[in-house]
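We just call them A, B, C, D, E and F in the order they show up, numbering each chain from 1.
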Amino acid sequence: LPAGEQRTAIPGVATGLAVTGAGGDVLYVEASLADAETGGTGLTLTGQLGDVMKESARIALSYLRSRGAELELPVGDLKERGVHVHVPAGAVPKDGPSAGVTMTTALASLLSGRLVRSDVAMTGEVSLTGRVLPIGGVKQKLLAAHRAGITTVVIPQRNEPDLDDVPGEILAQLDVHPVSSVREVLELALEPATAPLASAA
Amino acid sequence: LPAGEQRTAIPGVATGLAVTGAGGDVLYVEASLADAETGGTGLTLTGQLGDVMKESARIALSYLRSRGAELELPVGDLKERGVHVHVPAGAVPKDGPSAGVTMTTALASLLSGRLVRSDVAMTGEVSLTGRVLPIGGVKQKLLAAHRAGITTVVIPQRNEPDLDDVPGEILAQLDVHPVSSVREVLELALEPATAPLASAA
Amino acid sequence: LPAGEQRTAIPGVATGLAVTGAGGDVLYVEASLADAETGGTGLTLTGQLGDVMKESARIALSYLRSRGAELELPVGDLKERGVHVHVPAGAVPKDGPSAGVTMTTALASLLSGRLVRSDVAMTGEVSLTGRVLPIGGVKQKLLAAHRAGITTVVIPQRNEPDLDDVPGEILAQLDVHPVSSVREVLELALEPATAPLASAA
Amino acid sequence: LPAGEQRTAIPGVATGLAVTGAGGDVLYVEASLADAETGGTGLTLTGQLGDVMKESARIALSYLRSRGAELELPVGDLKERGVHVHVPAGAVPKDGPSAGVTMTTALASLLSGRLVRSDVAMTGEVSLTGRVLPIGGVKQKLLAAHRAGITTVVIPQRNEPDLDDVPGEILAQLDVHPVSSVREVLELALEPATAPLASAA
Amino acid sequence: LPAGEQRTAIPGVATGLAVTGAGGDVLYVEASLADAETGGTGLTLTGQLGDVMKESARIALSYLRSRGAELELPVGDLKERGVHVHVPAGAVPKDGPSAGVTMTTALASLLSGRLVRSDVAMTGEVSLTGRVLPIGGVKQKLLAAHRAGITTVVIPQRNEPDLDDVPGEILAQLDVHPVSSVREVLELALEPATAPLASAA
Amino acid sequence: LPAGEQRTAIPGVATGLAVTGAGGDVLYVEASLADAETGGTGLTLTGQLGDVMKESARIALSYLRSRGAELELPVGDLKERGVHVHVPAGAVPKDGPSAGVTMTTALASLLSGRLVRSDVAMTGEVSLTGRVLPIGGVKQKLLAAHRAGITTVVIPQRNEPDLDDVPGEILAQLDVHPVSSVREVLELALEPATAPLASAA
């Protein structure tokens, strides 16, 4: 299996896009729920996340705690089961708000049991009401997505003008979706509920 | 829909006014309540808020915890449901006491289910007893409100003299309400309770 | 209404005196109790208070927790209701022990439902046993009280000699009470229990 | 009443001795227990205490929690009632281990309801097993005690040789007790259990 | 007994490999579960672990809390029993993500009661989904394993190319297993469940 | 009574050895358990302990929480009774892992009610599985033990070669026990269970 398919082969993992010192890169957001019988509670964040990125995770979780029922997600699972959000690689510092949609998608995948499509990558800040706010580095992120074999990219609506900076031959090979709400992201990125669950790594 | 209408289309979002390095700007305060069944509790604050602004949120919440029943707000919802107050954009540091009335209004909207009027913006420090205390930057804030299409602005009573500094053609297009208590802000800014709820983003 | 009367028109607000860079000034200590049904608990302190002033609030609260019953205050209200002490203005850093008696008075007013007299201002460190200990800046504080229209000032007994430095024409217009215990402060500053409650701001 | 008698006129206050920049001085350790009905819990420490002095308070409390029953103290009161230890003056930083015996005595007085003798001052580090360990500044502390009208001073046994440095005319007017255990301190410093309780400040 | 056999003679200890200032070295990860009757709870981490290494321990524990039941581990033991992960030597600062597989293995050994094979050492970052991610220092780590008498070494699949740098005579004496999931590590490293438990040190 | 006998005359006190700026010295580790009726819980550490030494105390406690039942210690006492570990003198900063065996011994003495032999001093890092790991300063520590009248010293097995540096006339007067496990330390250092309890200090 290609790397992306392996990484997203269980619910709770979504593919994001980041700007690094050396251009753009794909990153994976991994989310887990503790078995209720283990007594794990609360929210654990790892991956050397900076303050802004930690806040993104808290926003993503609060969005699901307050709006998840509307999205038909079994949010009651959050009550007695600890949530952990991790972003490998473990030793690389990461920051910024643009992983907000990826974190929300990973958590929605985890709650719903629906896999995240392995050919979809996403970037976008998320607000507490589920709006998708603009981010930076669209060009580098799309180049990175293309290099990684991604075919569908979700970006914030307000970043659509930045597509002008992306080489035409790259854009031609990508299905780019500008969106303004998290609902749209979830509709695009989550596999249907009937997809068979892959076995865990 | 214009941006402001979209942003305030669900209960829990109020439009504030801030002074930035580049003049004034509109900001949105977003508040959410966790579904009781998710077990979320406590107060979460995000948006890279500074110490003074975090204290404003605590004052706003304590005001509602102690005076909300007088305002006929269902404050019992606060008991078992986590409150989250977020101020986008997620990566922009923010500070100062002048978002106090906006935070109080967002929380009152959330509890009451009444939308905040999308044509109203506000600025003002709030005290623990619900008094509205003066702030800075009235001129820049009114210019920003006007640029954003806002038609009604709430300012502290004690800032009324600062209106002299605002160009007359701007003032003529704004309905400016100097107020001395949070009650007045809520009466001006909240839509009637009978307004149909917009669907969530 | 004059400012002081407005500020102290609900139980839980007492008028203090502070030394600032520009002489002395009046400050208001505001206290609130969360409605029990909101689930708010613990002690919240806001107003950019320094370490010593935060300790004053804890001393005031512990004094009432341990001695309040002797003062016929309904201290059981503290058990399930969160206490918040705030000192506006929200963005101005404040420190020092001299607001101790003001904090104790605000909390005693809150618990008893008795208003604090709007014509009374006070200054004094409070000990855990309810003693009133000396403070600095008596001259500047009395001048500030006089400017603000205050007619009765409570100071620590051990600061009585400092009255020699206050201009005679000011002293003539002030009723100054040197005290050595918090009990005396409360007797002077609280309105009788039968006073009608003002409506909240 | 002289200052010392006033300060120690309620259970929970003991007279200590400190070395300051300007020689020695008397200090008062005040302890309080929250009424159980107020819901106050835990240990609160105020008075701008440094790390070592905060540890002394924890040692004093743990000594009473583990050995207090042997001393016939009603330690069960600690279970549901918050303990507060304060050392005025509130704005003066204090540190060092030598207030250990004073803190232990104040807490034992509080639990037993027995007053601390107002003519007794004390200094000494306390260990977790109730041993009294040597401290510094014996000469300055005895001079300060004498100045303050104290007639009985408790010092650690191992500090007895330091008495050679104290002027003979001072020693002649002081009853100095070198001790090696906290039990001895309590026997010397606490009034009999049958003493009538003074009214609170 | 050789050192490694002694160290791993009770469940809960796994042999890792680290890069130090002086080449590579073997390290032991020790894990314990508090007896439920002692009331110990939560996760304790010791050994002067840096931030990244502490996060590795949290990832390892969350992996087992969410996936442990699939691995037939009695994860319910985590509910009421405190977990402690220690990495001797106590005074040596340690950091980095490469102990992730070792921590996971030590915890899985502890829960299952199966010993970790004393002839196996391992290195590899672990993700929240149980993937084994690449690390640095493969050459130094294999040399260190060989010096310590280890015969089987587990490394991340993606580090297989680094084996080219390891001297052939060393590789010839080591059984090196490149792996991509924690499941593979556990299958290689844990003794069968039927192994008799060694007596505790 | 000599100092050492006095110090260890109640269960919960063990004699350690430390390296100081001025050679070696004897130190006492004191441990106490809060009476269950006092509501004290958790672990309190005092004596100006550095990070490594605090971790030693946590390791010692976790060792007893997980292995204490095997040692026939009544570990259930830990459930509802707060543990305090103190190392006098209170104002002297201390650090390092070598007090691990002393802390474990003090806690085991406390739980078992068995006194620690007053003629035994010990040094050694302890691991979470109860192994005794090597430490530094053996020569200075043995000289200090000899000066203090100690006749039996416990050192880590792996420090046996360091005995070559200790003067022969000192070694001749000491009974030195190199050990590799905490079990051995406890067998050497604890008085038989039938020893009469000394009265508390």
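Going forward, contacts are C-beta pairs under 8 Å (C-beta built on N, C-alpha and C of every residue); 3 or more make two chains touch, one makes a residue touch a chain.
It should be emphasised that the depicted structure is a prediction, and the values quoted were computed from it without experimental measurement.
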Required steps from chain D to chain E (each step between touching chains, minimum): 2
Any chain that touches chain F and chain A: E
Please decide if copies chain B and chain C contact each other with the same set of residue positions, more than half shared, or with different positions, and reply same or different. different
If you average the CA coordinates per chain, which chain's centre is most distant from that of chain B? F
When centres are defined as mean Cα positions, the distance from chain B to chain F in whole Å is 60
Quick check: how many Å separate the C-alpha centres of chain C and chain F? 52
When centres are defined as mean Cα positions, the distance from chain A to chain E in whole Å is 30
Where chain B touches two or more other chains at once, the residues are none
When you draw the chains as points and link the ones that touch, which shape shows up: line, ring, star, complete, or other? ring
Taking the contact definition as given, in what order do you meet the chains if you travel the ring from chain C through chain D? C, D, F, E, A, B
Contacts from chain D onto chain F in the complex sit at residues 51-52, 55-56, 58-59, 61-70, 75-76, 78-80, 96-97, 100, 125, 127-131, 133, 180-183
In their shared complex, chain C is touched by residues of chain D numbered 6-7, 10, 12-13, 28, 30-35, 37-40, 44, 46-48, 82, 84, 86, 88-91, 200-201
